[in-house]
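Each of the next two complexes has chain A plus one more chain, namely chain B in the first and chain C in the second.
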Partner chain A sequence: MARIELNEVAHSYLRKPKNDLDYALKRIHNVWDDGAACALLGPSGCGKTTLLNIVSGLLTPSRGRVLYDGKVVTELPPEKRNIAQVFQFPVLYDTMSVFNNLAFPLRNRGLSEIKIKERVLEVAEILDLTPFLNKRAEGLAADAKQKISLGRGLVRSDVAAILFDEPLTVIDPQMKWYLRRKLKEIHEELKLTFIYVTHDQVEALTFADQVAVMFEGEIVQIGSPQDLFENPEHKFVGYFIGSPGMNFLECTIEGNEARVDGAGIVLDEETAAKGRKAGGKLELGIRPMYLEVHEGSGDGMVKARVKGVEDLGSYRIMALTLAGQTLKARLSEDQPVSGDEVWLAFPPQWIRLFADGRLIR
Partner chain B sequence: MSLALENITKKVGRETHLYDISLEFETGSRNVLLGRTLAGKTSLLRLMAGLDRPTTGRVLVNGEDVTGKSVRKRSVAMVYQQFINYPSLTVYKNIASPLKIAGVKRGEIDRRVRGTAEMLHIEDMLDRLPTELSGGQQQRVAIARALIGEADLLLLDEPLVNLDYKLREELRVELHDIFEERKAIVVYTTTEPTEALMLGGNIFVMDEGRILQTGSTPEVYHNPATTKVAEVFSDPPINFLRGTIQEGSIRMGRNIEMPLEDYMKPLSDGDYGFGVRSNHLFLSRNDREDAEIPARVELAEINGSETFIHAYYEGFRLVVQENGVRTVRTGAEITIYVSPCCFFVYDEAGALVASPSREALQSGLT
Partner chain C sequence: MEKWPNNRAWFLVLPAFVIVIFSAIIPLMTVINYSVQDIFGPGQAVFVGLEWFQEMLADKRLHGALWRQFLFSGLVLLIEMPLGILIALAMPKKGWGVPVCLITIALPLLIPWNTIGTIWMIFTRPDIGLFGAGMNNLMGIPFDHTDNWLDAWITVMLMEVWHWTPLVVLLAYAGLRAIPEAYYQAARIDGASAWATFLYIQLPKMRGVLTIAFLLRFMDSFLIYAEPFVLTGGGPGNSTTFLSIYLVKIALLQFDLGPGGAFSLIYFVIVLLFSFIFYQALQRIGKGEKV
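Showing the complex of A and B:
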């Protein structure tokens, strides 16, 4: 098991990078504690796979150092780092039995057959693979195959960390719930360092205690799922996390109000004070689930036009126009919807202000 | 146009991929085929396109049998899971290709290519090659090419599955709006309940080569005809409990006793399955009538705005979906509350025998 440290790491795929734009990873300076469950979350092209390859040793970064438990491993290949990897598509020996697939990494290391059997049975039990041990890998469903990939990492009792690269992509939605839960159980039981790369916010947020959100080669925020949801430090985090993402409205601050094209939205004093001091382009952010929709007007409410309503079964999403800008509100399935015009309430405790795309602290 | 499938079966070697399927589609309709991997969605789509021939049965277009007719002679466009474009042609030429083959005049082609590209937000990339684009942009090109010919039948086979989560969310909304304005029959396959709900229209729930249920999407969501449909059409997974109806009340396991709701009253005494979606289970009491389920927490998952609590009650695995962040310890004993009016009731064969009205479901939440 290991504490993994990235020290001023940057990477460019070009031989002679000229400027920032030539870097797939701009500057990563980060520590993952021993036994942590971490996720790297971001859209394609954000650099998350590059970063994972640097952690695993498939790639040597252009700059900076990688340390495992304080020891520099920057130049070491994956096999010398003692890590296990689970990829998007299961990598297995199809014609071997499940048992032999799991035993393979141990046989390679010359363990005695008795020890191997003991360990394989133990891991198979954890992964609910015991009934399949004598079956060939090729006939199994995708989720079972992915469990075997994971099992091949887990059999080595000295493994430093397990790296996952979009491991649930080929799994059906219902099965994802089960596998994700299995991963969490294994993590709680074995306390291994897990690093999980994904573009899927649900996977990242449910799996990890600490999620690093990546955007254009940088980690823009590291935090708990709740942190990222409630206090996105960057507009990108607000947009990327949550479904739909955070609403943003361009505004100016006058006294204790955010003015949005004539409409006034009341802020709490602290937020307003911070807003008055900030420079740059100001925007007000609020999550669709905190935006309240009312049929009649009330204190501090703002009128908006209804553009449309989507029924998503257990809730509905209402699209609204306010001062020429589009907003979304999440309504519970029991809230009545009627009319073209509604009144919006912005609960002050859920309003966040952003200056030039960054949360005002 | 109208499209009908009559008693279609498809066998490949000894395996049956589709069992006796009869369906009709009307012009301008949006249709979602929802099912898990290997349910037969792609097989069915390929038969509609004319890429494959059914083993038995007929495909009718406007009443005319087209079963053996080549895909080239039909008015059909298809978008696949993988991003398929002509690698050596620019984005412009990729999108224009169906019109060029059809011999449309250059001015008309130009107008339509630019219009379609704009609709899909790729108007600034027309001079590039597909490989110079991101995955999301490549799929937009493929969709644009499928839309431009205004084919009568537009088939999309899990078109968003290889895209980022966030891109998927955006494209779903855009596709929904684009389909609304089309005269074509749109058929769209997916494994995801949320995607099906977002697209709306009609739904065809498939499993193991069979169509299990058809209807309007919200209608089927709120009345899943079998336990299998309820499973395929619920994310997170639907919760099932076994229970007995006897003398005007329901008993589930050792501890739960509930009065019969009005909609269950016609049911005769006996054993039933009771299904309830996870958003109708709560950690706190909403109403005096709520039943209590004592459960042991297996795991809590937090996604930032919601908490999913996985728990056990007498061997039944339950998932509670709560708004907000809740900290619940693994192994903790909790009480789950559920309104008796939120249950789908299934007979021993797994067929729906009573389903709550939507109004009842909604009042059960307040």
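Showing the complex of A and C:
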């Protein structure tokens, strides 16, 4: 168990990186507390796996330092770091039984067979693998295989952290749900540091207490799932988290109103004041679920054209045009929709202002 | 879903079937036909039943050739398989070294077989060959593959290993390259030694290609003809007379078509039988519980 610290880490796969674009990771400065369940969330190619491999030691960063419990481990190979990693595809020693798979990391470290047996049985119990111990690992289902990969990390009682690299990619939907819960249980039971990489926001938000959102080689925001949803610090977070993502409208501030091409949207005192001070390109952001759609006009409402409605089962998504920009609103199942034009209300407490893509604080 | 039977699809198999008839089935039938007759000349043949088979199975010279053949194939597999894997492991994984190594190693495979025999015959000649003359004159070790049976065997083995280990290397290298990087990463994280990584990751993952390499090398070495025929002609004495060389002697030089046919069929059955046994055994090694 350990507290993992990344100190000004940057990485480029090129030998002589020329500019920022050559870096897969631009500048990461971050601390994961001991025993935390953290997720790294981001689209494919944003540097999540690179970052994970730097933490585990499979990669040495071009710049910066990695610290475990305050000790510098930047140059240490993974076998000396005492870390475990679960990969996207189950990695097993096919010719071995499940027992021997679990025992393998311990045997490599020269533990006595008695201790190995004790430890393996313990871990197999936690992972519900006991009935399979004598089976060959090769023929098992994907979820059992991923549990074995995880088990190879758990058997080492002194493991510093367990890293997951999109571990549920090859798992069936129902088993995904079960494994996610299992992971959470194990985390609560063992209080190990878990770092979980994924591009699936549902996975990240349900698994982790703390989610770091990555975008183009940078961590753009770290926070609780609720924080990321309500106060995205970067346009990308607003857009990436939530389904569909946050709406953004280009606007200017006049008094207490945000003007969007002639229409005025009322802001609260504080937001408007901050908006007036900020420079750069201003945008107004609001989550589709907070945008209210009305059939008749009302105080402070704005008229918008309906482009279409998409039924997603338990709710519907309405696409709208307002001053040439597209908006999405989430409608409950029973809300009637008719006509080409509706009136939108923007509840001031859910409006966020962004300047040049960043939240105005 | 129900499948519609479409018997016209059989026409697609027809070309392959016709080729197999002319390349395998008709020749085999001819051989079977020869093997049960005593042929004196065109149109003069007597049916003799299984007599040729009995005669060939009791032939001392065939026994000798058979044991030599087993010894030869055994040595070939024993040397070429580990050596091929070793070279494949030592080859670079990326960069300019890969094409250089691959082409250099594959060169012997591109040379016609009888040319290989000629190359080695000259290479090992005790009077003018680089190797033969070098051994005799520079090292002071008497070496003459035309006179000494051990020297002949050493020469044939060297030639065989030089010629065919590249095939094992190429197959093993392909197998190694197909192993996803995550396996090596997991092994590092699990603290596995290089030997453990080889034993539990590389070897099991190479099983498929190594099975193919093993069977190909067994069959080809068991059927070897052109190279030793050119190099030693089966001598000195009978020391390098392998099955195929003996067979050609009977069937084409003495023109004993009956015994030759019987011999061919026995030869064919042996190769088929051993290939089958090896294949089954190799499949089982992969599936059996190994601790």
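Please note the rule applied: the second predicted complex is superposed on the first by the 361 of 361 C-alpha atoms of A that agree within 3 Å, B and C clash if a C-alpha of one lies under 4 Å from a C-alpha of the other, contacts with A are read in each partner's own complex, and residues count from 1 in each chain.
Convention: contacts are C-beta pairs under 8 Å (C-beta built on N, C-alpha and C of every residue); 3 or more make two chains touch, one makes a residue touch a chain.
In this text, all values refer to a predicted model and were calculated from it rather than measured experimentally.
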| task | Go through the superposed model and pick first if A:Thr49 touches only chain B, second if only chain C, both, or neither. | result | neither
| task | Classify the contacts of A:Glu185 with the two partner chains as first (chain B alone), second (chain C alone), both, or neither. | result | first
| task | Using the superposition on chain A described above, determine whether A:Ile241 touches chain B (first), chain C (second), both, or neither. | result | first
| task | Using the superposition on chain A described above, determine whether A:Thr271 touches chain B (first), chain C (second), both, or neither. | result | neither
| request: Go through the superposed model and pick first if A:Phe104 touches only chain B, second if only chain C, both, or neither. | output: second
| query | When both complexes are superposed, which of chain B and chain C contacts more residues belonging to chain A? | reply | B
| task | Have a look at where A:Asp94 lands relative to chain B and chain C in the superposition and call it first, second, both or neither. | result | second
| field | Touching partner for A:Glu79 - first (chain B), second (chain C), both, neither | value | second
| remark: Intersected contact list for chain A, partners chain B and chain C none
| query | Which part of chain C faces chain A closely enough to touch in the complex? | reply | 180, 182-183, 185-186, 188-193, 196, 200-201, 204-205, 286, 289-291
| What residues of chain B sit close enough to touch chain A in their complex? | 36-37, 134-136, 164-167, 169, 173, 176, 191-194, 197-198, 200, 218, 221, 231-232, 234-237, 277, 279, 298-299, 301-305, 308, 310, 319, 321, 323, 325, 330, 361-363, 365-366
| task | Could you pull out which chain A residues touch chain B in their complex? | result | 43-45, 142, 172-174, 177, 180-181, 184-185, 188, 199-202, 205-207, 225-226, 228-230, 239-245, 287, 289, 310-315, 332-334
| task | Under the touch definition given earlier, write down the residues of chain A that touch chain C in their complex. | result | 53, 56, 58, 77-79, 83-85, 87-89, 91, 93-97, 100, 104-105, 108-109, 136, 149, 152
